[in-house]
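Shared between the two complexes below is chain A, which has chain B as its partner in the first and chain C in the second.
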Partner chain A sequence: MTELIVSQVVNGLVLGFLYVLIAIGLSIIFGMLGIVNFAHGVYFALGAYFALTLRDSLGPWAIVLAPLGVGIVGIVIEMTLMRPLYGKEPLLGLFMTFGIALFIEELIRTIWGAAGHPFNPPALLSGFIVWGPVLVTKYRLFVLVVTVIILVGLWLFLQRTRYGRIIRAGSRDPEMVSMLGINLKRVFTAVFGLGTAVAGIAGVLAAPLWSVVPSMSEAAIMPAFVVVTIGGLGSFGGAVISGLLVGVSVALSIQFWPAASTAVMYALMILILLVRPRGLLGESWERFE
Partner chain B sequence: MKTNNKSGFGISRRALLAGAAVGATQVVAPFVITARAAEAIKIGLLLPKSGPYAVQGEIGHNGAQIAIEDFGGKVLDRPIDLIWLDESSPQATQQNMRKLIEEEKVAAVQGGVSSGDVLAIMPVAERAKTLLMASGPNATEITGKNCSKYTFRVDLPNKVTVNSVYPLLKERGKKWYFVVASYAWGIDAYNQMKDVVVKDGGNVVGYDQAPLGTTDFSSYLLKVRQAKPDVVYVGLGGTDLTNFLKQMKEIGLTNQMALSSPIVNDTDLWAAGPDAAFGVYPKIWNYTGAHLAKRGADFAAAYTKKHGQPPEAEGWQDWFAMTSILTAIKETKSTDSAKLVGFLEEHKFEGYKDAPIFFRNFDHQLVQPLLVAQVKEKITDKYDYFDIKSEYPKDASALNAAYGNQAEIGCTFKA
Partner chain C sequence: MKSVRKWLLHPVVVAGVVLAVLPFVLPRIGSSASLATEIAIYALYGLGFNLLLGYTGLVSFGASAFFGAASYAAGLAMLHFFNNIYLSIIFGTATSAVLGLAIGLLILRRRGIYFSLLTLAFTQLFYEIAFKWTDVTGGENGLQGIVRNTLVSPLAYHYFVVAVVLCGIYAIWRIAHSPFGRVLQAIRDNQQRVLCLGFDTTRFKLIAFVLSSTFIGLAGSLLTFMIQSVYADNLNWQHAGDPVMMTILGGIHHFLGSTWGALIFLTLSDKLSSITEHWWLVFGLILIAFILLSPEGVSGIWMRLRGRGDRWSLTDQEIPPQGKSVSLLDMESVAAVEADTPVLEVRGLSKRFGSLVVADKINLTVKARTLHSVIGPNGAGKTTFFNILTGLMSHDGGTVSFLGRDITRMAAHKRIDSGLARSFQIVSVFSHLTVFETVRVAAQARSPYRASLWRDAYRLPEVCEKAWALLATVGIVERAHELCSNLAHGEQRLLEIAVALATNPELLLLDEPLAGLGDADRERIGTLIRNLSRHHTVLLIEHDIDRVLSLSDCITVFHQGHIIAEGEPSRIANDPAVLEAYLGRHGIRRTPSTSSENAAQPDRAPLLTMRGIGAGYNASDVLQNIDLEVREGEVVALLGRNGVGKSTTLMTIMGMLSPSRGSIDFAGKNIASLPPDQVNKCGIAIVPEGRRIFPNLSVLENLALAQREGGWPLEEIYRLFPKLKARQDARGENLSGGERQMLAIGRALCAPQRLILLDEPFEGLAPSVVAEVLAAIEQLRHKTSILLVEHKVDLVLDFADRAYIMVNGQIVYSGESRVLRDDMETQTKFLGV
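After this line comes the complex of A and B, so read on.
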């Protein structure tokens, strides 16, 4: 029994990293721009679909180019549809992103069809590693490594670079930052592009694991919201802790009470919000208090 | 006296215009009546537009449209209007069913991929006395203990399909593991197959329910791997089955054990791809192969011509469902559901399968031969995934018995 639990906990941790990866983009966009991006799932789906289209002609380059493409889509959407809503009623942003989500999902259905597309992991990453009771597939290990690299990279970028400081300052006091002569519009566009590109990376990496169908965005968006909410909106560290927590809870519930495995993450969210209404590592934030 | 209208006649301009409009209606009234004679016959369609079964929804819709085109878009000299509303959950489907009946005044409703949704709308059809042609659900009780006078079912009951594949699966061993969707269809699939397995001396080494729409089965597969079963029987469909197959491939379980499910949709395997697809499945229809009858072949050709790819099973189901409704309307010259029900209970549909197929009058189940289909060892075509191993039952004379007799079914219609 202990062996099974150990194996499920490890599997849950690995799954948790996938959840973290899906949630990071959402967290960046909320944390820096204050937008609750309901369209996050469709950027995730676009990543998978772009890779699907590019992989035949570009091979492994598709993995790099697909998220870039998603980032560009994100930038265009930010400049045309999101920008006019900054500083307005937050509800408008919700409606807008919800509308974008429905529109892009329908667009995916129109372009690529409703049917799913096969998407195998690269041959190099197929197979798995067994270590005692623990079994991890090479592909999931790869996803874990990529997630960690992205997390570390983003953290260094936001904490240690001049641009990172501008973004963080801009998220808290946009007026002050503008008065210092910084073009915040451009910064926000870049952040939105970054957040959507990370969603695109998650989509590319999830494609060999999960079904590549237009509704794959639904499968991604709910865990992402749960992870970000539990972790505390906008908190990186929070997203990591909560992603792993959700992964392990889901895995253990599948071991002992599989029918409840979807419900368990919502139960966890309710429980944590009751104790810590801002999530695990959520900070108080003047603009939203 | 102060009035606030400007026309000076004591009535407002708006009222005058409204009056004129009413007058005009009287003048054109004869034309309105002529137009009414050709008023469309509306048929409701409830199939998923999103969620795990979205693909089946789209292909079913395509199939129903081909049936309408087969009739030249008309029945009783009236155009046919197909109204497709979403089938997303039992509650939402029930609301849409009411909308179709009360607001759209449809002559009949067809569809239903999920048994849970169909069980929720059957009482609505019964109360409104409206024909419901359930094209895609498999839970046994729909034409069993929960049967209804106004519901007919095209798809196969789990109780029948489990017997069709069991002989092939039992050759693989006695240890069975079950992973099923945690709602009516999946749970019924477990109960039906478990009964067959246990009665024959096999044993159940694991039984897990998975919420509909589960994306990651890795934790389930660890349990399966640990239990080392000979056969994995999954009550999973749509993207759930695709995910399960992809993740089986990921941890090297593909072809390591036998795999089956109560029914299979081609699209779920097409989406998993040739490397991940495997298993032996009961299949209601295949677009190619020796058992393709003339009418089915014509449908497959029309579908392929229109959509650029062959139809999967759900396409046939909704094509046949619509064909049967329109045939009933045409033959009875009526849209009265009571008359349609009477016709469907008696009619034999010929040329659709190897034997004539028909809805039984005591449970409204479509009695038809089905295929035992095995995924090819080497898949070379994008769509042609199956070798048809046999037809079930092998002999058409055994057809009625294969679906169970009246006493076994336990269906009684409310008067």
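After this line comes the complex of A and C, so read on.
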């Protein structure tokens, strides 16, 4: 029994880190632009699909180029469709991302078909590892390691680099940032590109774990919302903690109460928001209330 | 004839006609007649959703949850309980209403984005339950075997549905025009203001939420019997967007928007899906196109074609007629309290924000039917004081009692109920409501029918008469038909006062009612306030010292959270402590030698030249015709009392505000239309009001962010401000006021600059810190030009080369500072008490 629980917890951590990766992109975009990006899930899906397509021709390079491609798509969309709406009613931005989500998901369905595609991990990473009571696939371990590296890298980026500083400052007072000579429009575009590219990376990593289907965008966006809301809008640490919390909860309930496995995260979100209205580590920003 | 035409064009009639003929029109374009029934159902669905979105301003993704839940409830009722369509439909609707109540009670405490995300969570939860609880809901296969045993023919059912839907549409029309519905629309535009009128906004939103879920549930129940089955699909994430799409296509802020939206959405999806299976592509594009080009959907396009631009049509446009004679407000009847009894008593009130003390054991008594003014320099804590009195802000100690009752813990809307009313410093009206409606909804707060769901709000004679009387009393009757956002600034201020008066208050709290106004308006409003104080008690915050002195019975002077003087105007005008607070005469003197040195300089080249600048927010200009110049190597002071437009001037230079006319030249370049980052790159840096350092970054990071090549290197900034070096790693939010000021100045130096704009750099600082900051600024004068906004006159005049004085958005004095320094008359006239 304990072995089962421990194994599931490990799976839950892997799932959790994946959720964190998806949610972080959403959180960064939200913090800087104030936009809830409903289309975040389709960028995740695009990452998987780009990897699928590029894999045959480019082999392992697909893993790097796919997220890059997603980032470029994100940048183009931000510049053409979202920029005109800054400064207008926030509702419009929300609805726009919704429209983009619909459109791109259908585009995916049109180009790649509605059926699922299998995506096998490279031979190097197939198989299991056994550590005492824990049984975990090599690929899952790989995902765990890679997501941790990426998250650490992102954290370092935000904390140590100039761009990271701009993003952090801009999430509190974007006007002041522009008065210091920094072109906000460009920053917004770059942040959006970064956020979507991170979603794309998550998509590439998730491809062998979840099947590559057009509806995978929904499988990504809802947990992302839940994680970001539980953790606190705009909080990096909050997203990590809540992502792991949600991941483990889902994994454990898959084992013990499968019918409720997806419902569990919504119940968790509702519960936490009622008790702590700004999430676990959320700060009180007048911008969002 | 006109009334017949009006009746024929009534939205409900129009919708009825369209829905009735639809089953015959649709087959002609290749769609089935039953699509008409679906359109009718979705029209109600969309309108129920829009009751929350367009009328109340709540973005809820829960519509599909109620739609689906009601469908299931109706289906289950038919299968297991009633075997009767009508009862099942009622059951479904009732279930939805109860769910709405339960969920609303849970989540309506949250605001904004959190509320929306919670509704999304509930939708997903419901979907999961519907999908997985196979025993009850049939899971993936849904509920089957539902037979419509009455109204068997599709056409019969269609007309039944149309009848029910029309009833629903009519009900929503009544609600939209009812006192309740009017308040919802005010909540949409400015919830806090509605709260300050005495309405329990949470309760209103809850009722709106329940109503919305009821109508949506009705639609869902009708759907069950149309397709004679129920599927979980309608609850999933994608269908959560259906009502959103319909409303956008049709027009969010138009009553029939969702009807047209349903028509377009369903017909289009029907036709497109027969052409291609990828019709969502087209749909997504259409949606995106509408959002970019016509955010109000087809209704918006129609309005523009009719030349009515961006006007909304959520309710009937007309306001009720004025009545033959409009009397002024009968104020005698309001005077309930004996003169000279204390109306408001504040004891030991304290408030701090972190380490910043905004109020320190304030004791204040306001006597009945007096005009009691509160004055004090910027940042003295006056507006915070008002916020605490009205219950908008919590406090850290002390008591407030009003008319003998302790209101220290009372909720904001209850205080208003008990006779407290307030106007706001920043005009706080309802941008999408007419002037008449704004005052009327305020007057409604006192009516016994104020939350009625069914009456026509415009047929409450006492309320409407009172609204007209209020408009007449403040003098804006001619503007009754205008939208509030189209009023000039002075008119908006008058409206503010009318709204405050509307609740029959005993005590009126007026927060800077004269801010931003020209002389004529000030005279007018000043007299109005004086008249009001004969029958009401007025507590007034103002910076127009002349008027305060001539109008008030009693004056209290705030300074840095303390009361430093209180008494009759004549006493206050000559009180040395007050003069010191205002004019900054606290003996910090500079060595005179440097200033005379500058006086001898010949004319230098102009660096910044503003000519004829007008600028403002919304419809009116705060700055009128500003001519201002800063020359190379100069220090120029921009002086003036609070609220005259000094900060606005700096913001306009910086590009945060676009001038409506005039030109700004900097180093030979026209910068009037440049965005802030480019203005900064041209060489202008700003140390803004409130410092605006980034609280989540450390001192070092704040500086590093601004660092560019050509700016001061870090060591030099640390040499200027040694304290900053010691606090290098401290987060911005943990710095003291003085340290923040130093950081803000240092930050401005990090990038190459030829002109620094300093906005009230000494505000809120202790004298020793002021000396430190001043010494640092003095070292800058040879390296860069400075435009300094301050109200501590003494300090600045010693230091500056030239000075301007602003009054009410205009420059009234321009000259050398040493001349002004000796000219006490001018100083007192424009700046002093």
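Convention: the second predicted complex is superposed on the first by the 289 of 289 C-alpha atoms of A that agree within 3 Å, B and C clash if a C-alpha of one lies under 4 Å from a C-alpha of the other, contacts with A are read in each partner's own complex, and residues count from 1 in each chain.
Convention: a contact is a pair of C-beta atoms (placed from the backbone, for glycine too) under 8 Å apart; a residue touches a chain by one contact, two chains touch by 3 or more.
Values in this document were obtained by computation on a predicted structure and should not be read as measured data.
J.: Contacts for A:F128 in the overlay, against chain B (first) and chain C (second): which applies, first, second, both or neither?
T.: first
J.: After the superposition on A, what does A:S7 contact: first (chain B), second (chain C), both or neither?
T.: In the superposition, A:S7 contacts chain B only.
J.: Between chain B (first) and chain C (second), which, if any, makes contact with A:A259: first, second, both or neither?
T.: Both: A:A259 reaches chain B and chain C.
J.: For the overlaid complexes, name the partner, chain B or chain C, with more touching residues on chain A.
T.: C
J.: Which partner does A:V250 reach: the first (chain B), the second (chain C), both, or neither?
T.: first
J.: Is A:W210 in contact with chain B, with chain C, with both, or with neither (first, second, both, neither)?
T.: A:W210: touches chain B, not chain C.
J.: Looking at the overlay, what does A:M269 touch: chain B (first), chain C (second), both, or neither?
T.: second
J.: On the A-aligned overlay, A:D173 touches which partner chain: chain B = first, chain C = second, or both, or neither?
T.: In the superposition, A:D173 touches chain C alone.
J.: Contacts for A:E218 in the overlay, against chain B (first) and chain C (second): which applies, first, second, both or neither?
T.: Touch status of A:E218: both partners.
J.: Contacts for A:L15 in the overlay, against chain B (first) and chain C (second): which applies, first, second, both or neither?
T.: first
J.: So which bits of chain A does chain B touch that chain C touches too?
T.: 105, 218, 259-260, 262-263
J.: In their complex, what parts of chain C are in touch with chain A?
T.: Its residues touching chain A are 59, 106-107, 109-114, 116-118, 120-122, 124-125, 128-129, 132-133, 236-238, 241, 244, 248, 252, 278, 280-281, 283-285, 287-288, 291-292, 295, 654, 656, 675-677, 679-681, 685-686, 688, 692, 694-697, 701-702, 704-706, 708, 747, 751.
J.: Please name which positions on chain B make contact with chain A in the complex.
T.: Per the stated touch rule, the residues are 50-52, 54-55, 57-59, 182, 208-211, 213-216, 218-220, 222-223, 225-226, 239, 242-243, 246-247, 249-252, 267-268, 270-276.
J.: Using the touch rule from the top, collect the residues of chain A that touch chain C in their complex.
T.: Chain A residues touching chain C: 36, 81, 84-85, 88-89, 91-92, 94-96, 98-100, 102-107, 109-110, 162, 165-166, 168-169, 171-173, 175-184, 218, 221-222, 225-226, 229, 233, 259-260, 262-263, 266-267, 269-270, 273-274, 277-278, 288-289.
J.: Give every residue of chain A touching chain B within the complex, in rising order.
T.: Chain A reaches chain B through residues 4, 7-8, 11-12, 15, 18, 105, 114-121, 126-128, 135, 137, 139-140, 208-216, 218-219, 250-251, 254-255, 258-263.
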